[in-house]
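Next come two complexes, and both contain subunit A; in the first it sits with subunit B, in the second with subunit C.
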Partner chain A sequence: MWIYDKKLQYPVRVSKCDPRMAKFLMEQYGGADGELAAALRYLNQRYSIPDKVIGLLTDIGTEEFAHLEMIATMVYKLTKDATPQQLEEAGLGAHFANHDGALFYENAAGVPWTASYIAAKGDPLADLYEDIAAEEKARATYQWLIDMTDDVDLQDGLKFLREREIIHALRFREAVEIIKEKREEKTYY
Partner chain B sequence: MSEVLTEDYYRKLEELQQLDFVLVELTLYLDTHPNDMQALQQFNKTAQQRQQAAYNFEMEYGPLLQYGHSYSRYPWQWSQTPWPWQV
Partner chain C sequence: MEDNQVREWHPFIGPFDPCPPVRVKTYVVPPNQFITFQPMNLPQFSPAEALRLGTLWPSLYSNYTSKRRGEVVTDE
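After this line comes the complex of A and B, so read on.
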């Protein structure tokens, strides 16, 4: 079961209305290496992974939902005061025609989220290596997003998220070592 | 939402977010280092501080958790604004 905590994991501030950045941020909302894909990937892997790393997958998967909420908050704040004309100029005209101001699970190019972004191999090492790669790809995306804006308030939130990807990748690497150690233990009957 | 949030609201919220950040970090760390006694002590100590900070925040600004994990004044406070993206 999950309990909702009525606050953000880290404060989200933006200093201006910027639908152009909102469009780019969608990559981390409904993209292949985005927060939704991350949360669903890790939580789904728990049922076939050795007991020693279930806790880690549960906790990182849960944290990803907090990040998803931060991205949603950024998009909300960057677009809430935008006129339809401003949205159109930012390349969000097609989005507006279909969804008005609503969020939708799609990437920066407007491609809807799909379960095929997530692999589930059932092999602990294959799954954990996929997780490490996902974190590294998300970290790279955050870096590019940071480079694309001059809004220091927005950058602050994005830097926090970039940092979390680094920590998650580190913890997944440690999980790989835990699995390897366990595999090399001799079993006596 | 219509209410104006005070400096005190943001200060108390940030204090809680800082403690929660320490706890998230220690949780993930302990998941892969379950025998680190010092980290565990820091975790339990921070969890206690967190409980106090959350209580102070909730007394002033309403419940953070529901399904019975937080108390409510009358009328039911949970469904009232602000929601996290509105602050």
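After this line comes the complex of A and C, so read on.
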């Protein structure tokens, strides 16, 4: 069960009318290393992973949905007042033909999201390393997105999201250490 | 072969689970997990043994026994 807080995890400000950037941000909405893939990947792995790290997957998977909302807000703000002509000039003509102004889970190139973006191997080490790789890839994507815009307010939101990827990668690496621990060996801090 | 590579954990058993519960589940933690950069001059298998096992170094070897027919993964 989830409890919903009707606010964003971090405020989203977009101060430049730039529908072109919306297209690029879609990579983090419906892309292979995007927030939807992240949330679904972690929340799905929870069932078969050793119980010591289930809570971590729940927490991070939930936070990814909060990030998904932030990306959605950015994309929506950048496209909601654009004319069909502007969308077409931004490379979103094909998107407009299918979806009008609606958001859709597809990447920056318009490829729809697919479950093959995520993995569940059932082996705790394989799954956690998949998660670490996903966080690092998302961090890199945020860097390229920050490089692509000169809107400092949009950059601010993206920089927050990038930092969260770094923290999540560390938490998953801590989970690997927990998984590696021998049961009989008690660790004292 | 080397120290135990198999970890055990005890999944939650619900009071209304439909199937007989598996109380202990296992996973393997192979030795690569503990080596960040392989040290020089580790002890080696004989060449013939190494070709068969897939590694030249006993400290990198991970045995895996089939879990089929209720067998449990052991490290010998």
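We take it that the second predicted complex is superposed on the first by the 181 of 189 C-alpha atoms of A that agree within 3 Å, B and C clash if a C-alpha of one lies under 4 Å from a C-alpha of the other, contacts with A are read in each partner's own complex, and residues count from 1 in each chain.
Just so we're on the same page, a residue touches a chain if its C-beta (ideal position, glycine included) is under 8 Å from a C-beta of that chain, and two chains touch if they have at least 3 such contacts.
Given the structure is predicted, the values throughout are model-derived calculations rather than measurements.
Touch criterion met: A:Y4 reaches subunit B, while subunit C stays clear of it.
In the superposition on chain A, A:D150 contacts neither subunit B nor subunit C.
By the document's definition of touching, of the two partners only subunit C reaches A:I179; subunit B does not. Here subunit B and subunit C are compared by how many residues of subunit A each touches, and B touches more. Contact with subunit B, but none with subunit C, is seen for A:D59 once the two complexes are overlaid on the shared chain. With both structures placed on the common chain, the touch criterion links A:P124 to subunit C but leaves subunit B unconnected. Comparing which residues of subunit A touch subunit B with which touch subunit C, the overlap is empty. In the complex of the two chains, the subunit A residues touching subunit B come out as 3-12, 53, 55-56, 59-60, 63, 69, 72-73, 76-77, 167-168, 171, 174-175, 178.
Interface residues of subunit B facing subunit A in the complex, by the touch rule stated above, are 10, 13-14, 16-17, 20-21, 24-25, 27-29, 31-33, 63-67, 69, 78, 83-85.
The touching residues of subunit C, counted against subunit A in their complex, run 4, 7-12, 25, 27-29, 33-34.
On the side of subunit A, the complex with subunit C involves touching residues 50-52, 123-125, 176, 179-183.
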